[in-house]
């Protein structure tokens, strides 16, 4: 069984990685580093971990970076690293949303691959501009819609593609959380502070932060394209500028002659839901259900037969799941492993680039196009809600 | 522990019950009979079990009815039984929807209590008329929104009323099924046949058959009043006249100064969902979740504390749940027991009527008002969907 | 679908039932009455509900019994009812264990069918004597090992019989509860009081009260015969005379050339377990798992395939399950319905007796033999534990 | 929140690690490498990855090791690395069991810390000898009973220590698997081959491979010491030399004046169980339950209160769990993260050694003592089973 997950590339060829953001106190930066490390495809060698010089320096020291490659300005890092003989080949951008555009631009235009957190940018115009830049760059752009890295999500997608469910009629997505049930942004909680701030997050609150994940996941698994949506957004917590709950109805483009619809609920004010991402897809021949908090399971129900619980790496697990599994069934993999799969897929793409080889079509990672779609989803949600739930084409 | 559930009324005083509909081959008629029997408050003594005389007769014989009290015409039954010295005191109406109005009218105007299946009628105008008739009658009108009879649903409602969740912000309802995934109505399946027929069901398909249950449950538990809704209905199965899937966004009337919203999904084409009724309610202080297929459990999450799994008759079960429980915790009660609770509540109300006593306020059962609200919900869904999801006041 | 569960026998032929025990304050008496009522095969017409005359009378009145058929002495009831033209045809014995033998004897020898709660008796010698009496009587003896009445237990048994699991190797049984975690018998709790009293319960505490259920269930599903066991019993609560926890290792007689073993754990001092009866059976080709608190589900795992969740009356449910199901899948049935199945199976056997017909082999109910085996199990547990866990043949 | 999990030690101080075993085709070697890498405390710099020179060389190349530090003989590695200026400080031993003793000995006596897979050795005498060697060595000996690294297992232990459950009465352990249901060792499956071979595994089959894990976990969480056990082992698969199923009854040393007992079931022939490790502990005041396949949850039931579901890093999670958590609640961590916690605890102990500091008492890892206890458990199981389940003191 080739389920070790460790790199089979000789060590000197590990990808030299830089990071923008992710200094001490950050959440997602540490996740990116663990994800990059797990399969040993990357080596973190440079960072603009904070825009505050002292913090950047201290954080770099903590992570064992060479002080000469610890920056407080991402542009400076892009310029210098691009000139170094062993400069970074890829950069992870893990800042609040409003920095993504400027940072990604600097690296992309210097041919440095970008691995960027979602949502793509804080504004739709910037997203469109970034798409143009990425399309013109020779460098790769990878968006960390990490939930698509879970093996059973891969399997779900493969089953839909294989027609196991028949033409798809329904996609039900939800992503409830509870951490913003109270106004913690006013008491200085750092994560809450920027995520509820339009200047740093953009026009979408829960829609941008988690709604984009749910939408991306529904589209990824179902293989459907969103056509239009009607949304009712709300900011339940007093004084909050961005939405903390969204109810969305969706219509997808018909596929295989089958009309399809869906619903999406995302919320940050639903007590008892820690990170309740879930997707359910129903076709004419069967249904599937996947719940993020129990990620090693995939429910599959061929119509008229008993429900089947497919487990990661277990009986019934498909090739698509096995490709991104490390350990046997019954030994649960989690969020970091799924996240690491995005990094490892990126690594495979970068290796192919290095060698000028064609990328194995089995390799999948979210791209600038997914990022742009996410921004269009947020924009449509906001527009629809302003127009009292009118249907908005995306 | 007074959890026996058996009647404490001496036997001669059991309520004499008639039934309209429910002849052989029916589904819900048998359910009503078992529900009526479980706690021994009722005795079935007459029936218009079918409009086909032979079938009515045979069905009556099967059930051990006195042949002289086996009718093929409900009106005749109403007239004759009203005159008998020991005529029926109450009647259960368990026909397809389009018969409810005419049947209920005949009994109500003769002072015979009506226990009627949902939805109330097949048209909104008839529902309004029936409400008038019921309001003017001295007889009781009980609608079998049976899911409100489950002990943990009672507890959920009590917890919301007690303020355990704080003011309510969100009510998420769903009721997916899969039995109409294919066009079985055309192959003569009896249940499918009338439930997909506008003439017998009314304007709503899934919305009428199960959406009303989900809406009723959400309103029952949350204590909120629906203000307006936006719906997107669909008939996914070719040739089907009524909706088999509905996506609905809702806005409730503010309560305790708190704005509240919700979503409802009902479907009969979601493979793997047998009878997936679920309600989740979230307030500023906590959340609850109840799933019909596992009805003895109630999840309760006070914000910032671990989730608690409250079990029927177990530690943490409230008085409202205990009132309608028969057996100790860990010994599951099911659908029939919940249904029987509606019958037993009706019995308590009838006993109070008999004696001219004031009804114990703890006794709860769905009334004509719930029935009318259900019909307004269906009507609003249909109107909104026709107008491309415009918000419709109810 | 013949899933109504209601009797198809004309009413005048309902079986006339008497009851011994089950006066007010009892638990299991009410359960028996609801179970007898649900499918309408029985009519309770006489009772020796208590040995205290006033209580017997009051309880009879409460239940609507004719005062002339309310007794305070079961022997008197047996004598008189045997002589009445419309005397009882069957009697339910729902007293504490030590009364079973004497009561059952009186009815059996007068040709009155006995439906008796478990365990069979309070002593093994009495169990043997009762077996002899039952074998010689023309009347039926039905033991309410009610858990074998659950539809999915029937299906599990059928699957084993069909060879779906291959020859059986392992039977794992458990039945943890927590209600005797503290010494509530000393504070006068009625149920705890007699169940922890050797004079009324017999030599087994948890082993007799719940261990017999678990053992019976394991044997019922697996079709295996116990050969020997080794047990370690304990009374964890100070001052308790009978075991409140038992660990048991088992060896079954080989079947189909396959050696089989098992384990049984029963406990009344395991906090968090309300009524945790569970059985798991593993063969060379697959495994099954059934958990009483979620009785509508049966896990089935053919080796090397994904786990399947079979639901009562759902896809994959077998004929054996359908026979004893009343309502569609997704509409949960519970403990009372399973209990009612034992009563309805008894009714079918009594109907066959009345008519002198051969009993449909599909009809299954626990008999005197199961009762004797249960007593031998308890005895073996007690003997083994006294001899420090030595293996005892049964 | 300090939940990043990344090392806060500057990079040059990462611990230089060697590995014995774990060449291509191995399972647990890759797991150890990922576990060592996740938190960035270790750097793999040398290896005797296989005893076959070509395979050792190729495997080293694959992992990016310096060819001069790729060995095919662990003794040679120990000798040379001990002399190198930057030789390894620690070694991971991930071979089949029969190699553990010889390998560990060579490193321990040269002052190189050992991180060794379980069970400790293949024979009890070797285990005793190794304990002596480890006790005399200045180097650390860490046994990878990795399940004790799961955060919720840490919490469970802490809760027991805090007295939340009261004095402990019961410890129920189980570890069913199904991968050896058929005789795959004869078809050359590498893992099956050595694990069913007495020469390489030792006297215990399932008892050594997984029973030791279950026993270690039960002891870890409950804080109890095993006093004696009675076991019934079996080899259900024809031709198998070692046990593939074990039923064990246990008696623990009394603690806090409370007698305690337990049961352990381990099996490799229970279809449907992938890796079903579970532990349940019951005291006079409450119970807990933890299931390895869903490791982020801990059920806690204070007696007489509703069950609580405590989630890793969620509300109710304790300090002991937080110490070894990396990401927020609702973002599942898995097997590798738990395994990595053992490595990171080892790292903390090694750092303290380096600095001559006293180790933070919060740091917990399994030691040579746990290893010896595991071997005594296996030995007692085998002895007891040979003597037909007699109680054996350990």
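Chains here go by letter, A, B, C and D, matching the order in which they are written, and residues are numbered from 1 within each.
Throughout what follows, contacts are C-beta pairs under 8 Å (C-beta built on N, C-alpha and C of every residue); 3 or more make two chains touch, one makes a residue touch a chain.
Going by UniProt, the chains are A, B, C, D = Dehydrogenase.
Predicted, not measured: the structure shown is a model, and the values here were computed from it.
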Both-way neighbours, i.e. chains that touch chain D (Dehydrogenase) and touch chain C (Dehydrogenase): A, B
Touch-network distance, chain A (Dehydrogenase) to chain C (Dehydrogenase), counted in steps: 1
More contacts between chains, A-D or B-D: A-D
Length of the line joining the C-alpha centres of chain A (Dehydrogenase) and chain B (Dehydrogenase), rounded to whole Å: 43
Chain A (Dehydrogenase) and chain D (Dehydrogenase): spacing of chain centres that average the CA atoms, whole Å: 34
Distance from chain D (Dehydrogenase) to chain B (Dehydrogenase) - Cα centre to Cα centre, in angstrom: 55
Multi-partner residues of chain A (Dehydrogenase) (each touching 2 or more other chains): 273, 307, 311, 314
Residues on chain C (Dehydrogenase) engaged by chain B (Dehydrogenase) in the complex (per definition of touch): 1, 3-12, 14, 27, 29-31, 33-34, 37-40, 61-65, 177, 273-276, 292-296, 311, 314, 326-337
Chain C (Dehydrogenase) residues touching chain A (Dehydrogenase) - in the complex, by the definition given at the top: 300, 304-311, 314-316
Chain B (Dehydrogenase)-touching residues of chain A (Dehydrogenase), taken from the complex the two chains share: 165, 169-170, 172, 178, 181-182, 230, 232, 234, 236, 245, 247, 249, 251, 259, 261-263, 265, 267, 269-273, 280, 282-289, 299, 301-303, 307, 388-389, 391
